[in-house]
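My structure is below; once you've seen it, I'll send some questions.
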Amino acid sequence: MKKKSRTTSVFLIVFFVIVTAITLLPLALLAVSSLRPGSDLMRYGLNFNIDWATASLNEYRMLFSGANNYFIWYRNSLLITVVQVALALFLSACVGYGFAMYEFRGKNLSFACVLLVMMVPTEVILLPLYRLITRMHLINNMWGIILPYLVVPMLVFFFRQYLSGIPKDFLDAARVDGCTEYGIFFRIMIPLMKPSFAAMGIYQGMSSWNNFLWPMIVTNSITKITLPVGLQSLLSPYGNNYDILIAGSCFAIIPILILFAAFQRYFIEGMTAGGVKG
Amino acid sequence: MKRRFMAGLLTAAMLVSSLAGAAVTVHAEDGSTQGTNTFVDGGTELSFWTFQELHVPFWTSMADVWNEKYPDRPINLTVTNGESHSTHSKLLIACQSGEGAPDMADIEIGYYGSFVKDGYLIPINDAVEPYKDDVVMSRITMYGDTEGNYYGVDFHLGETVTYYNMDVMNEAGVDPAEIVTWDDYFAAGQKVLEATGKPMTAVETADLFLPQAMMLQKNAQYVDEEGNPNLVTDEHAEVIEYIRSKLADGTIEIAPGGGLHTEEWYGHLNAGDVASITMPLWYMGRFTDYCGDLAKKVAIYEMPVWNEGDVRAVLQGGTGTSVIKGTENEQLAKDFLAFAKLSAEGCTYEWVNLGFDPIRTELWDDPALTEDPDNKFLNYFMTKPFDILKKNGTELTAPDISGQYAATYQTLVSTTYSNAFEMSVDRDVYELLQEEQDSIIY
Amino acid sequence: MKKKGILKKVLYSQKVAPYVFIAPFIITFVVFFAYSIFSMVMMSFQKVAGPNTVFVGLDNYKVIHNSIFIKSLKNSIFYTIVSCALMIPIPLVMAVMLNSKSMKAKSFFRSLLFIPALTSVVVAGVVFRMMFGELEGSFMNQVIASFGQGPLIWLRTPGTVWMVLFFVCLWRWTGVNMMYYLSGLQQIPSDLYESASIDGASTWQAFWNITVPLLKPTIIYVLTISIFGGMAMFSESYMIFNGNKSPNNIGTTLVGFLYRMAFEQNNLGIGSAVGVIFLSIVLVVNFLQLFANGTFGRKEK
């Protein structure tokens, strides 16, 4: 019995080592290539062959030299991500709470609307949304990117699931103690929701940091665009700036990686606690 | 503990990057991706969008020259550069919604028709009038409609020529100067193939330069007089059949990467793996930028023709600059556009810095340009591009981009040539073209 | 005094509270989405040309006969079906394996496998486009060369294009879906497995008879997001082909077609019609699916 479990264990570890290696391979390729001159990539392709004689940190030096807008994009992305995550978490938690804890007229209809928004890809309503943002004079403005996605249906859906696991008697007890409806939410519920905030914080951080299409449409000037849009702007039919692109792509993964490393324990906890009970 | 450390690290990372950001903001103000000229008091503010970084300093320096020449009509110009697809999409959206569009913009040829068709551009006939006799007018009239209005001046509209890799030519014992017709060209291609194993030239599946040049030489266009798509023509079929036969015998290859602006292609070209290539004159810049190994090894000649005595000259490519409807400074924008693109100052800048052949004919004989020892293009190539310009003269055939050209172009570069040359090479050409034409939505 | 009374009443009212809580959603929904969808539906019946906009009835919907439209619809459906077929069982099996008692360093592997989801689609696109480049020296061509195969033109051959797209999909989302399954697995009491093993059930039987049925809600959830993720696929294709153009539209999806119509060809009417068609398909499929597993019925319990 013991022996069998050891074989299984070796098999499982070997399996996951291989799968993980394949998963990380593209990123390793990227990292290795960031040490090679851009012209090299163009001629020989993206691979692991590296000539240590020509390998250097030049690409990174170029990135940090400030002779480009990379860090402006970086800062824009960070700012938007932080603001959007904070607002979206709070507001979506409110909405999710409303759906989970109360019975009210129009509940089914409103929740159907949540699902509707969840299913509509941004691309489909891009044009009317753009017109609206223009009319609100929010073009080229961080709020133009954030406002339409203040309440994120995915999060609402998740928080609703998470909270529906909490017995309602709990609320009644608090009411008996003289708590207002909002007091219950702020004083009792928010602390209870901590793990789910961590989980959804990662989720939302991920999607804000990597969001591409909508920020691309809303921002115009090179100093207002976000990192993914900026990286994409380095690719053009008239020549690709690989030097900055590859090193910049590598460096772009870092903050989200740190965020994830710091909170990943909560991520799985939050997901588990919320559960997807369908 | 560990958690606190990570959180600290994150905060530090954010702080560092926000500081770094703050430091470069200053730099970016005079950087090249979003640029302004030297602002003057009381200058009229004009905004400009482009998708080509190299154009930014051109416009800002021309604005400075303008302010010197016309101190009573000063301009404060802000040029914003963005990625091509997204810049065009955004420009289109801004025009459609009537809000947020710049005063002027560079527009790629493939998109140009869309803007003309729905009337988003302002005719510039009156602003061009003073320069009329000094310039190659076909490079302006191309950006026009059937009523005789024209809306733009070219950036990237160049005479199509053939670039020969002379190492390969010498190895095969071919003298490009003796090539007159396409048949001569591909006979030489056979010699090249036998001697070196390399194809004579390449055709794109994701763009249309070679077939379009060949069609223009037959005086055929992709749209008819009403501007409707017109792919099913005998000329088009002949061109496709001709290229297919050369693909079959190996003298033409499919360009690696599918186009002549891809990374795979530049590597291939620079490695000397293809003998020659037919592209507009502005493609010189791609050689100097991406093919350092070929310096002093490439010679430029006129492109071959179908029959001896045919007109050789066609124009291809064609980013155009236009004034966008809705601007509050229509006249100023138009005059500035004409000045920047058509004056001797502007043309000289374009040639020296961007390698675009001058639209002003008198410059073709100006030794300051044609014999400039510092010019990177003159130094790179073995023959003089100006000789070809003079030989070809000013009667040039340009693509007809009116009406539904934009939609037609999209189909040509996404499916038609991909099917014709790579995916369904055995398909009957008329059937194929009919099917392609039917798929165009307009 | 009276004012305070009203305020107090409002603060304590269970009738008012839910509306206050869901107000942020209702406001953004009405302002941004309801308006946008309404104006999209309106435009789908118009030929949109600035001030010269005219009503054209159902003309724009004739696009359903267009061969490229049909092709991109087929592409989207094909992509959705195959990606669901891949993205539901594979991460499930991996999650079960990772959750096994014999497995070591679970959270280490779990985190590493999640990393691709953290990378931007722009970055992923650049890497994959170059990795599957057609140069002899590009990574994948080196790999197949070591098996004695000639270099492939990965991104211009229909079969391999799909391989690349599914590979990207697997690469990016396996870790995420695995995470969903893992959280579902935590909720299955371990004594169920113990009693099964006492009864002599094999690992395989336990998987089919305990894990799969009890994970059904999670599986359905993953299915839901996979369906609309698959139908909405656009960015991946945009990045792999460096623009919304794939040779012979091998990789053009419904959203890509919409984008081309509306933003590249300035044909808003047709673009909107495609949007309405798209929306109807996604809504029907997803609502059917959600009703089938009772998301709406649940709250009556």
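Observations on the structure shown:
Labels for the chains are A, B and C, by order of writing; each one numbers its residues from 1.
Note that in this section a contact is a pair of C-beta atoms (placed from the backbone, for glycine too) under 8 Å apart; a residue touches a chain by one contact, two chains touch by 3 or more.
Source: prediction; values computed, not measured.
Viewed as a network of touching protein chains, the structure reduces to a complete graph with every chain in contact with every other.
Across B-C and A-B, the chain pair carrying more C-beta contacts is A-B. For the pair chain A and chain C, the distance between C-alpha centroids works out to 15 Å. The centroid of the Cα atoms in chain B and the matching centroid in chain C are 38 Å apart. Work out the mean CA point of chain A and of chain B, and you get 38 Å between them.
The multi-chain contact residues of chain C, meaning those touching 2 or more other chains, are 130, 133, 135, 263, 268. Annotation for chain B: residues 89, 93, 96, 263, 267 touch two or more other chains.
Across the assembly, chain A contributes 41, 44-45, 127, 131, 232, 235, 261 as residues in contact with two or more other chains. Chain A contributes residues 5-6, 8-9, 12-13, 15-16, 19-20, 23-24, 26-27, 29-30, 41, 44-49, 91, 94-95, 97-99, 101-104, 107-108, 110-121, 123-129, 131-132, 147-148, 150-151, 156, 164, 175, 180-182, 185, 206, 209-210, 212-213, 227-228, 231-232, 235, 245-246, 249, 252-253, 256-257, 260-261, 264-265, 267-268, 271-272, 274-278 to its touches with chain C in the complex.
Residues 39, 41-45, 64, 66-69, 71-72, 74-76, 78-79, 82, 127, 130-131, 134-135, 139, 216-217, 220-223, 225, 229, 232-240, 242, 254-255, 258-259, 261-262 of chain A are the ones touching chain B in the complex.
Per the touch definition, chain C reaches chain A in the complex via residues 11-22, 24-26, 28-29, 31-33, 35-37, 39-40, 43, 94, 97-98, 100-105, 107, 109-124, 126-128, 130-131, 133, 135-139, 141-142, 171, 174-175, 179-180, 182-184, 186-187, 216-218, 220-221, 228, 231-232, 234-235, 242, 255, 258-259, 262-263, 268, 271-272, 275, 278-279, 282-283, 286-287, 290, 293-296, 298-299.
Residues 85, 88-89, 92-93, 95-96, 98, 111, 114-115, 117-120, 205-206, 256-258, 263-264, 267, 406-407, 410-411, 413-415, 418-419, 422-423, 435, 438-439, 441-442 of chain B are the ones that touch chain C when the two sit in their complex.
Considering their complex, residues 3, 6-7, 9-10, 13-14, 17-18, 20-25, 27-28, 31, 33-34, 49, 51-54, 80-84, 86, 89-90, 93-94, 96-97, 99-100, 261, 263, 266-267, 270-271, 286, 289-290 of chain B touch chain A.
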